[in-house]
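To start, the structure itself, in structure tokens.
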Amino acid sequence: MKLSNGLALNSHPSGRHFLQIPGPSTVPDRILRAMDYPTIDHRGPEFQQLGKSVLAGIRKIFRTESHVVIYPASGTGAWEAALVNTLSPGDTVLMCETGHFASLWKRMAERLGLVVEFIPGDWRHGADPAAIEAKLAADPQHRYKAVCVVHNETSTGVTSRIADVRKAIDRAKHPALFMVDTISGLASADYRHDEWGVDVTVSGSQKGLMLPPGLSFNAISAKALEASKNAKLPRAYWEWNEMIASNASGYFPSTPATNLLYGLHEAIAMLHEEGLDNVFARHKRHGEATRAAVRAWGLEVLCLEPAEYSPVLTAVVMPEGHSADAFRKIVLANFNMSLGQGLGKVAGKVFRIGHLGDFNDLTLMGTLAGVEMGLGLSGVPHRKGGVLAAMEHLAATAPAAPASEKAA
Amino acid sequence: MKLSNGLALNSHPSGRHFLQIPGPSTVPDRILRAMDYPTIDHRGPEFQQLGKSVLAGIRKIFRTESHVVIYPASGTGAWEAALVNTLSPGDTVLMCETGHFASLWKRMAERLGLVVEFIPGDWRHGADPAAIEAKLAADPQHRYKAVCVVHNETSTGVTSRIADVRKAIDRAKHPALFMVDTISGLASADYRHDEWGVDVTVSGSQKGLMLPPGLSFNAISAKALEASKNAKLPRAYWEWNEMIASNASGYFPSTPATNLLYGLHEAIAMLHEEGLDNVFARHKRHGEATRAAVRAWGLEVLCLEPAEYSPVLTAVVMPEGHSADAFRKIVLANFNMSLGQGLGKVAGKVFRIGHLGDFNDLTLMGTLAGVEMGLGLSGVPHRKGGVLAAMEHLAATAPAAPASEKAA
Amino acid sequence: MKLSNGLALNSHPSGRHFLQIPGPSTVPDRILRAMDYPTIDHRGPEFQQLGKSVLAGIRKIFRTESHVVIYPASGTGAWEAALVNTLSPGDTVLMCETGHFASLWKRMAERLGLVVEFIPGDWRHGADPAAIEAKLAADPQHRYKAVCVVHNETSTGVTSRIADVRKAIDRAKHPALFMVDTISGLASADYRHDEWGVDVTVSGSQKGLMLPPGLSFNAISAKALEASKNAKLPRAYWEWNEMIASNASGYFPSTPATNLLYGLHEAIAMLHEEGLDNVFARHKRHGEATRAAVRAWGLEVLCLEPAEYSPVLTAVVMPEGHSADAFRKIVLANFNMSLGQGLGKVAGKVFRIGHLGDFNDLTLMGTLAGVEMGLGLSGVPHRKGGVLAAMEHLAATAPAAPASEKAA
Amino acid sequence: MKLSNGLALNSHPSGRHFLQIPGPSTVPDRILRAMDYPTIDHRGPEFQQLGKSVLAGIRKIFRTESHVVIYPASGTGAWEAALVNTLSPGDTVLMCETGHFASLWKRMAERLGLVVEFIPGDWRHGADPAAIEAKLAADPQHRYKAVCVVHNETSTGVTSRIADVRKAIDRAKHPALFMVDTISGLASADYRHDEWGVDVTVSGSQKGLMLPPGLSFNAISAKALEASKNAKLPRAYWEWNEMIASNASGYFPSTPATNLLYGLHEAIAMLHEEGLDNVFARHKRHGEATRAAVRAWGLEVLCLEPAEYSPVLTAVVMPEGHSADAFRKIVLANFNMSLGQGLGKVAGKVFRIGHLGDFNDLTLMGTLAGVEMGLGLSGVPHRKGGVLAAMEHLAATAPAAPASEKAA
């Protein structure tokens, strides 16, 4: 396909592009091919089977037995859905400044007419359960209608400890709804909607679910559903109740993004074939290998708290005086790899390595080699040996032990 | 891919399915294949080329030189975007009951806190320019902030005369914004955003644009953009200004549905290769052939006004005492064809034949043969000869005259 | 993709092309997508699973428990393989002039150094068992080393009665090998390698197997395999023994056409899902409907013997003074449909309608409408009503009776 | 798609498989997608455009202005075509034992009834021009009808110096035909059919052309074509003259492998977009980096002559007492990478790293990391540092200098 400037969309440098941004992640061939089937009648019996299947399957990914609604929308849309279905104009919500996306969600809440109390953060730690508890404990009138936390901050590579935040809310005996954005965490990092007592979980298709962007999700507790009855923010497209009513028979109230649902069906199957716990362990191991490389280079991981290292991506701090964006440009031009840019407050100061989604050891090694070579080409002070350090970690933790192989 | 009930999504009766609902329309192979390319970095230089190309190209389809914004959303979302960007709580809008989708748009407006004055209709005619003019003329205080009309009513196969409505508004010298839904009309029926003086045009991907569902559009006049500055309905996801600012450099404020944009790029190229006027003529001719068949069967076309026949679809009235849905079920079971169901007030009473999108003479003939055979199998009283009548029309208007062929 | 002349391979008239030649048949989406997976190591364990699966599966399609070898080659290659593996220079074979492809096979045999006795035919009948019996009975020295018959003559739409030919050979008590070409018959017309006592069956991928061209087959009886030990025609690429030895472990002696094998795997699955007998009945019914149309037009079916009507294709005789090729050109230009041309002796005098492979009622109706309209546009004398006659046949034999539907 | 053993063909470990065998090489998405288009009428006008385009384009890849014929067959078939079109039973040919594939070609020649004089080799050097010259000089009766050399021995990673062999033949003033197999060399290693005076060049689709297997080629000099007139080996499927006659109008004498030709069309376009010389330089550089790694590991490259290093693949000698196949199995099980096995005389003793086709720096780095980790897991004695050495070579020769980047 030709672009109007004479370039062709399908004309690229030789070999596979390394798409190592923290999402959209690389879409596996199997999902691309599933999405390539002809669109069907969204009101017919075949669609009904598809609808029922993906609606049942996606719950298992969120680890919930409650409702999950699927929007043809980006993750931003699902943020809005979570807010407008549960809150009323002027309501106050408690949010935590974990990074760029937490800041964007805050800005959205304010645009929608909510009042946000924003617990400040340094973009190098997750949400602080103690600070949240203190805020809630100091709110006997229950002014806070919701506590909103980003599980995996895509801008920083820091995860927030959701189970601990839940405990903090419980300790404060506060009735606020608990809303969590795990847009980039779902299906790469361990996440448990029901067990962790989350009321609304927000997610998207283009990260751990390995789909192209275009779908987003709300997992909804009974408490959140109850809250939606009295919520006064105007809503129509995002309305849960109509969605849930229609979903009961496998259908959707407005035209669903059928071909993306084909892909979702396949993604759910793939995740269950590998096993969610195996998926989480795989990303955790790749995060460890990546950090081993960063340390060997003598560079700094943005995340300061080991318990909060993201298995999804690693944000690396550029040495003072060096532009992360110039570095990323050199990597792209020389090595056909896209790395994630610094966003918001850390623009130009960090670059981000995605190790989420459909990913494996050798792709990680290619990725880290590209970073190490790019650091050299860019004149960024660093020690060699990052690639070697990562390789040692991967070899030491290789899945199939050679002994058993020899025995087989 | 296996569904959880043991069925496979890719397991179908032999031969091509005839997807003759009035959208989603059949997605051409070329678009499906374009969408099957790996997802790229939505913040990288390659995406920028894609973004600029589709943003420029889509304007030509709307025949506007103003902005067109693209949402990852269904057409319902674009309805909401049109309203929340331009209106304030309690504003009154004038809408016209042309059918099911006009009724749904009205319901949405009310949910969002608008007051709707709904000019009643019989679902067999388009919006009445005279009635609109009368309403506006009787509104010297300019209570009506917007006039909203559905261009091509997908539920009835009736088009509204948008140019005439514009003239009516002008004659009434009324400043109301003019909003038009051409979700199912765009790129199958003639449509001119600028020439017809429309302020917001709403459309979607899965009809004349031949894409799967998942993208929707707002074309926006300078007047509408100006109105958005003072519009008070809360909005964030749908916010035009942020979208337009980001689009200026080829990017999007939240993650765009990259793979659907690949398809859009291809769709725009295909429409221009054929020529928009040729596309419109093709659908018009197929509508004529379809109505010739309906008349030959002795059945009734739902649309009563010849000037308002839709080139996109034809809704056929079932004889009293016969269920359109039982008929459609028999057609699907015997002939592997999906026809559109009656919606809302005409549920069970009409069926709809889509002849939009990527469509040609022989597919129409297969479609009409399936309808004629289905009428027989269902015991619906009718005369034979519909297929023959359509064939005569198509042969008489065949594109390549035999004489020129012989000469070639 | 752009051709060097500036045309794009993926740029076509709107709507689905009707590929109604008698092969290559329309490749179903499911097979195209299966072939679109990345190529794998043809010496690795995953390939081994694939190899074993397709080698086992293809036997069921030939209805044999003996070996079937798969060549990366066209059907012509498999003709050559059958001859060079079993015969020696100067051997005499008995062949039957059923049409163009039988004549090409004869020419090949002669080029390879064989002596062919060719029983003449009028291209409107299948091979004559009585004539074959007479020849064999008059050959007490067993000069004939093989009897070669084309099961489904793609150039004429006539099938030969293979079981009857077998009986004729048996009655003559002649030891000649029995070789059958069912390139266009396999998986559309009933065929039984073992039950009918065939020694070598030749077939190809692009007809009833619904694949693109590129694979061809030999099914091999124990007697044929034994004969190969003493056959003296030089051979290497086509050598059965090496193929069979390698196939035993799921592999191939030279690099196999992996992606076509992906498609074959899918084709076998699809045929078994529908059921071979259902597939045969489907094509038989479509042949009946097609002949009903031809008769209604007042035209002549080339095949003169009802017991030999092909379920794969119907060749139609053009009235004297009218060019079948001019007609086909008009159909292609006006209706985006490819019909089969007359070949060899009947070039320009017949056209052929393929109703094989992945095919259904409404595609047949579109096809026949295109023929009927094309006859009119070409000024070919005919009566209208062919489409109606076909429709009546299809409706009368529709698979899902409405009564049972209502009960369901 | 499910295999009969319950496995699914599309079910794989997470992430991209590293297919680092020396062919089939990784098929780029663009080619897979091109092959996924519906099959068209191989006797129609659209096919004619395709046929003309690929027939013209492939000549440029062989760097010839003479004929190139395209077979639906593996490379083995094209070997056979080269021999049977030019030689007669009992003819003597001079061949050179450069490795496994040269030995297989020799065996084929013998099977076809030719007499082969085989110049012995150690599988670590290319064909020796001096030895060939000596043989030819000692043949005043011109008993040798052809000299056959493998350009790029896929089993050893050694290239033969074809231009030098041509000079040797010329010095000997010998009229023998010069036949070259560049199945794995074409479009990865520099090759010039016309300039180097080759009479028949044999190649295949699944290596530098980046296609799946299934097509093979003969480039044919005028002298070879002349020789075919008197060649007496029986032939039909492989017959050049019929192919060339049909190709003149863009068609093929038997059904061509249409979908593979779609892919070929795309491959030719991609090679020209990158520029053949750039393609060759890319593979040469990757070969250098690979050998730097091998040396750093303290292992031995099989090829002993630097002037003969293959840019396509590198064969690595396993230390005595270690099984290359056990090593490869461990690499596959742990790192989802396929390496090439040792073939024939070097079975179990070498493994082969493919760096051909659609390939880039980071994929090479992933590949070498997998080898280095696999050596460790397998207990093969080696030094660490191979990956680092390769990385240093790649960084030192990176295509886009950072300075120019900064300037841009």
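As written, the chains take the letters A, B, C and D, and residue 1 is the first residue of each chain.
Operating definition for what follows: contacts are C-beta pairs under 8 Å (C-beta built on N, C-alpha and C of every residue); 3 or more make two chains touch, one makes a residue touch a chain.
For clarity, every value in this text was computed on a predicted model and none was experimentally measured.
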Walk from chain A over to chain C along touching chains and report the minimum step count. 1
Residue numbers at the chain A-chain B contact, same meaning over half shared and different meaning under half, come out as same
Averaging C-alpha coordinates per chain, one finds the centres of chain B and chain D separated by a number of Å equal to 52
Mean-CA-position distance for chain B and chain A (Å): 34
Roughly how many whole angstrom separate the Cα centroids of chain B and chain C? 43
The positions of chain D in contact with two or more other chains are 2, 10, 12, 26, 29, 33, 36-38
Using the touch definition from the top, list the residues of chain B that touch chain D in their complex. 2, 29, 33, 36-38
Quick check on the complex: what are the chain B residues that touch chain C? 10-16, 18, 26, 29-30, 33, 36, 270, 273-274, 279, 282, 326, 329-330, 333-337, 358-367, 369-370, 372-373, 376-379, 384, 387-388, 391, 394-395, 398-400, 402, 405-406
List the residues on chain A that touch chain B in their complex, please. 1-5, 7, 9-10, 12, 17, 19, 21, 23-24, 26-27, 32-46, 49-50, 52-53, 56-57, 71-77, 79-80, 84, 89, 107-108, 111-113, 204, 206, 212-214, 233-237, 239, 253-260, 262, 265-266, 269, 332, 338, 341
